[in-house]
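Each of the next two complexes has chain A plus one more chain, namely chain B in the first and chain C in the second.
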Partner chain A sequence: MTPFWALVRKELAVLFGSPLAYVVLTLVALVSSLIFFDHLRIYNQILFVFASTTMGGFETDTIPDYVNLRDQVFFPVMENLGFVLILLVPMITMRIFAEERSRGTDELLVTTLLTPSQIVLAKFAVTFAFVALMMAASFVYPALAIREGGLGLEHLLAVFLGLLFHAFGLAALGLACSAFSRTQLVAAVGALALGFVLWDFSWASGFLSEGVIRFLEGIALHPHYRFFAEGVVILSHLAYFVGLVIVCFALARFSYDLRRVAG
Partner chain B sequence: MREVGLLGLVAIAFGAGSYVATRDANQSLTWFHALNLAGGSLALLVAALASLGRLRAAAQPGLRAVLGRGLLGVLGAVALAVGLERAAHWSGLEFDWTLERLYVLSEATEMGLAELDEPVRATLYYDEEDPRARSTRLLLRALAATGRVETAEKKLGASPEEEDRFEVGSSNTVVVRLGDRFESVARPTEGTFYEALYRLRSLDSGLVYMARGTGEGDIERTADDGFSGLAQALLTEGYRIRSFVPAQGTPIPPEVDALVWLAPRRRLPETTLAEVRRYLAGGGRLVVFLEPGVESGLEEVIAEWGLRSPDAVLVDPASGRMDGDAPGVNPLAFHYGSHPISRGLGASRMTFFRGARSFELRKPEVEDDLWSVVLASSRSWLAEDLEVLERRSPPLRPASARSDYHPLVVAGRYQREAGETRIVAFGDADLASNRHLRTLYNLDLTLNAVHWVASREPAIKLLPKARVAGGDQFALPIQNTLTRFYGLGLLLPELLLMAGALVWVRTRSA
Partner chain C sequence: MTNEQAAAGPGRAANGGVAVEARELTRRFGSHTALDAISLRVESGEAFGLLGANGAGKTTFMRLVTGYLLPSSGTVAVGGFAPATHAAEVHARLGFVAETSRLYPDLRVAGFLRFAGGARGLTKGALAAAVESAIERFHLGGVASRLIGHLSKGFQQRVSLAQAFLHDPALVIVDEPTSGLDPIQQEEVRGILAGLRGTRTLILCTHDLTEARDLTRRVAVLHRGKLAAMGPTPEVLGGEDPLSLFRGREASA
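What follows is the complex of A and B.
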């Protein structure tokens, strides 16, 4: 076994040996299902009210066009879950680098045959695998419900893809914060604050110029993430999240250089 | 200094968060927002400067190269990320995974736009809180990608005079302009945009005579059993429509591009039938809709052209019960013959018939061309007892009845000395009624039949659906899924939590 795979195995063992990981997995599975089923329940209620015989039913065009799965279920579920992930993902990423730094075991890693890039790659890969598992667990019940309804499975897949890439982006931000911190709490709060700040800049449109807002929207998470809820997968938005991961990877790698220089 | 940076980030997050939370009620920045945002930014700046200063002080000359390479690596990663995003943006690749492919333009819309001499201008008037504007923007984006539509957006209320002029009544309205003419589309979908486009173009596709006076379907009636929808669709396609009352003894002029006869309920006078025979013999063009249980005389006329329709109800066991009718009497057709009228239709693009009769084909002359355009399934058979339409119980198939692919729509083309005659016969008229015209692909089939009869083959196409939003207005089996969620559905979180508890106990005891 190469040192790289040995490190991946060790990281997996540490991650799945932590009770916190299971708590986060449980929370994500539970919260996502509750959000999904709650919106589904409300959507069905509205639909049945409009479709009832006293209102004229489906045939008479009395159901407003905004009462549909896209606007009443997929979009709000994705908005809510996207926000919830900002809170939950840092709980996973906070310890990945910071714990080793606080214990001083990161120095040992650097003395092995592994390069800093390989160390960072192993930690990113394991974290992303866990995040993918987390998102898969959160989508079991929504996928079942949509499949039983006989519609929109591809649309749900677009939503899932958006959430997955969003979670990868947040995980990358969290890992970068963890790489620059000695304490897990600082890493978690930093990732949370960064995720929240980067979420959306449309709120600043009232007092910033259009050019600045366009730039900020270009680096914000939400403008790239929201299209997935519409069932449209745009390559440039996927590329944004890949780019975010690349930058965070480079920053985490840079933290090793910085430590060599600044201690 | 890291602590200062962290505090700065938290302050910015709180400043932005509180502004987002209160901006609906209070549009301006309060001292709390401003203090947090400014203080947070300042703290971040101080932390960054202090870190740089610390680095300069700590780094030995040999280590500066390491730091430089690291920083170059970060800058390279930023450049790679931006380049990747820009390249993906430039490629324009995107995938529409919506249920009804809402943002993939149909052939009909692309054809319509390509035929224009000048680009169309489409302006969306929207309210910021209107969720529907999101999907309208995506539609406009798809239209703009053709290069034939210039799009713009305006907030509702920003230009009241313009809104009055273009009759903008509500948010999510798109005003489509072509030259000096305009159409307001209040529920923008590709289908409604397409219809607006056709109205703006003022095409002249030809003259259609609609027969009336002997109980035919009424093209002015807007109720479910009327045919106003068909008339409107023909007008949208650029046809001029004239009513034709055969009982008045008026001859059918030869310049008529299509004569449409919507299921007469009574027998036509012999003089009328003679006039139809004369018209067809002279290269006439006829689209006729028949109904079981009615012998109007048109059946005899088209039988002379090889399209014989026995007076029987087609029963297709492959189609289930609908609206409480007996199962099988309302066939859902998904078999199509090779003919321009059925181009693009197939197993996933079905047509719906409600109480239909079938046809038998026999060429009057060797050179004539006859086609079965739409067929029922191989299990279909003909019930001579018309009472099956009234009963709710499943029709019993007599031993003598033959199961086969029975045609529901047929077409014939005949070269005669006086010209080319074309006939399309439908075994049902309900499919073109207001109630069922927009069901599945009924409208496409009906319009394409008229196009073919009128020798307008290039106009044959599948139309974008007008009511796409309704496509996903289905109720999901909520009770079923909720029961599963509260039963089986909680199993996964429970198991995950149990695994976490076990790990915790083992970690503590280790």
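What follows is the complex of A and C.
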């Protein structure tokens, strides 16, 4: 077992040894199901209104094309889930580095053969694995249900890919915040604030110049995520999330150097 | 590695040679100087005490030796290697026991020791043997499968000591090993440390004079980041009022 794999195993043991992991997994599955069923309920009500006898019933063409499972349920569920993840992902990432610092175990880690890059990489890898599990728990049921409504497997895979990369981006932001914090609360609040701020800048379009808005949209999460929610995979949007992860990784790695200098 | 070191066995320093050398070692935190131009040598195989009141700079010195912090100026070397530039070489020779039991309460004792050994490069058979030996040596057999968070402070400190010896390091740094323990637990930990004397270089960081007298042969006393005294333990701590060194009496030894 190399030092890196020893740390990966330790991180997994600590993560799954804590009830927080199970609480978050349950919360994600519960919240995504609630969002899904709420949209399904609204969709059924809309369908009922259009299909009521006064408007022609199911046998007529009175139900417009846009009233379908994909547009009325799946897209909004994925949009909402993307937003909800801003709240849920920091619950997992907040402790990853901050807890090591507050307990003083980071001092133990850096006196082993592990390099700071290996420490950061192992923590990112384990967190991403957990986030992938979290996404599977949240995605599988709505996806299977919607598939019956006519969405192809490729479309579902594209959506899942987007959801996964969006969650990885949020996890990377949370991990970077945790790496610079001594307390979990500060790490969580920092990640929440960053997630909310970066989600969407369209509210600023009324009072900022076009160039600034274009730049802000370039760094915002939602403009990149929404294409995946529609089932479209565009390389530049994937590159955005990969870039976000790389920047956050570099920041977390830098926190180790900073600590050696600043104390 | 010299022939002497090789003859002493893997990971162990032969008597003779320098285990740790600091030259004009200085560390500042903003405008506060935590360590001010400290120069000292710890010989291989020596039991060396670093004494001082709280805030004297002991932990900062330890952290500079382990590479956790970088010096503001001056140099420090472990076995001839600078921790800042040769971390792997330094950490392969180093076992570190931190001030309080800095462990993972959600891990079980044996699992934690397997992690600590793995993180120090031990693999498969060697790792299993090292963990088994540490459990036996530090009397952890009865608690090996228990969660660390459920152990008493005394047992947690034993776990902390055990992890530092897994890879048979030539140098062990122990920072305030009995801090926060009850008298019986203190006695147990001191007994363990006494048994380790002479087997490798030991740097004991403490503000407990009895501990320093019992466990070290040479001490350095720090006061507000400066070296107040250094010499053989009986000489430095043998005066009528050794505590005056903690208050800043000029070096006499």
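For the reader, a short list of remarks on this structure follows.
One rule holds for everything that comes next: the second predicted complex is superposed on the first by the 243 of 263 C-alpha atoms of A that agree within 3 Å, B and C clash if a C-alpha of one lies under 4 Å from a C-alpha of the other, contacts with A are read in each partner's own complex, and residues count from 1 in each chain.
By our rule, contacts are C-beta pairs under 8 Å (C-beta built on N, C-alpha and C of every residue); 3 or more make two chains touch, one makes a residue touch a chain.
The shown structure was predicted, so the numbers you read here are calculated from the model rather than taken from an experiment.
Once the two complexes are laid over each other on the shared chain, residue contacts for A:Asn68 go to chain B alone; chain C is not touched. Residue contacts after overlaying the shared chain place A:Trp5 against chain C, while chain B stays out of touching range.
Once the two complexes are overlaid on the shared chain, A:Ser18 sits against chain B and chain C alike.
When the shared chain is aligned, no partner comes close enough to touch A:Val84: not chain B, not chain C.
Of the two partners chain B and chain C, more residues of chain A are touched by B. Judged by the touch definition given at the top, the superposed model places A:Leu109 against chain C, while chain B stays out of reach. By the touch criterion defined above, A:Arg260 reaches both chain B and chain C.
Residues 17-18, 260-263 of chain A lie at the contact with chain B in one complex and at the contact with chain C in the other.
In the complex of the two chains, the chain A residues touching chain B come out as 16-23, 25-26, 29-30, 33, 37, 40-41, 43-44, 47-48, 51, 58-59, 61, 63, 65-71, 75, 137, 140-141, 144-146, 148-152, 154-155, 157-158, 180-181, 186, 189-190, 192-194, 196-197, 200, 203-204, 206-207, 226-227, 230-236, 238-240, 242-244, 246-247, 249-251, 253-254, 256-258, 260-263. The part of chain B that touches chain A in the complex is made up of residues 2-3, 6, 9-10, 12-13, 16-17, 19-20, 23, 27-29, 54-55, 58-59, 63-64, 66-67, 69-71, 73-74, 76-78, 80-82, 84-85, 87-89, 91, 93-99, 102-103, 131-132, 134-135, 138, 187, 224, 435, 467, 469-478, 480-482, 484-485, 489-490, 492-493, 496-497, 499-501, 503-504, 507. Partner chain C is touched in their complex by these residues of chain A: 1-3, 5-7, 9-10, 13-14, 17-18, 103-105, 107-115, 260-263.
Those residues of chain C that touch chain A in the shared complex are 29, 63, 66-70, 84, 87-88, 91-92, 94, 96, 98-100, 102-104, 106-107, 111-112, 114-121, 123-124, 127, 163.
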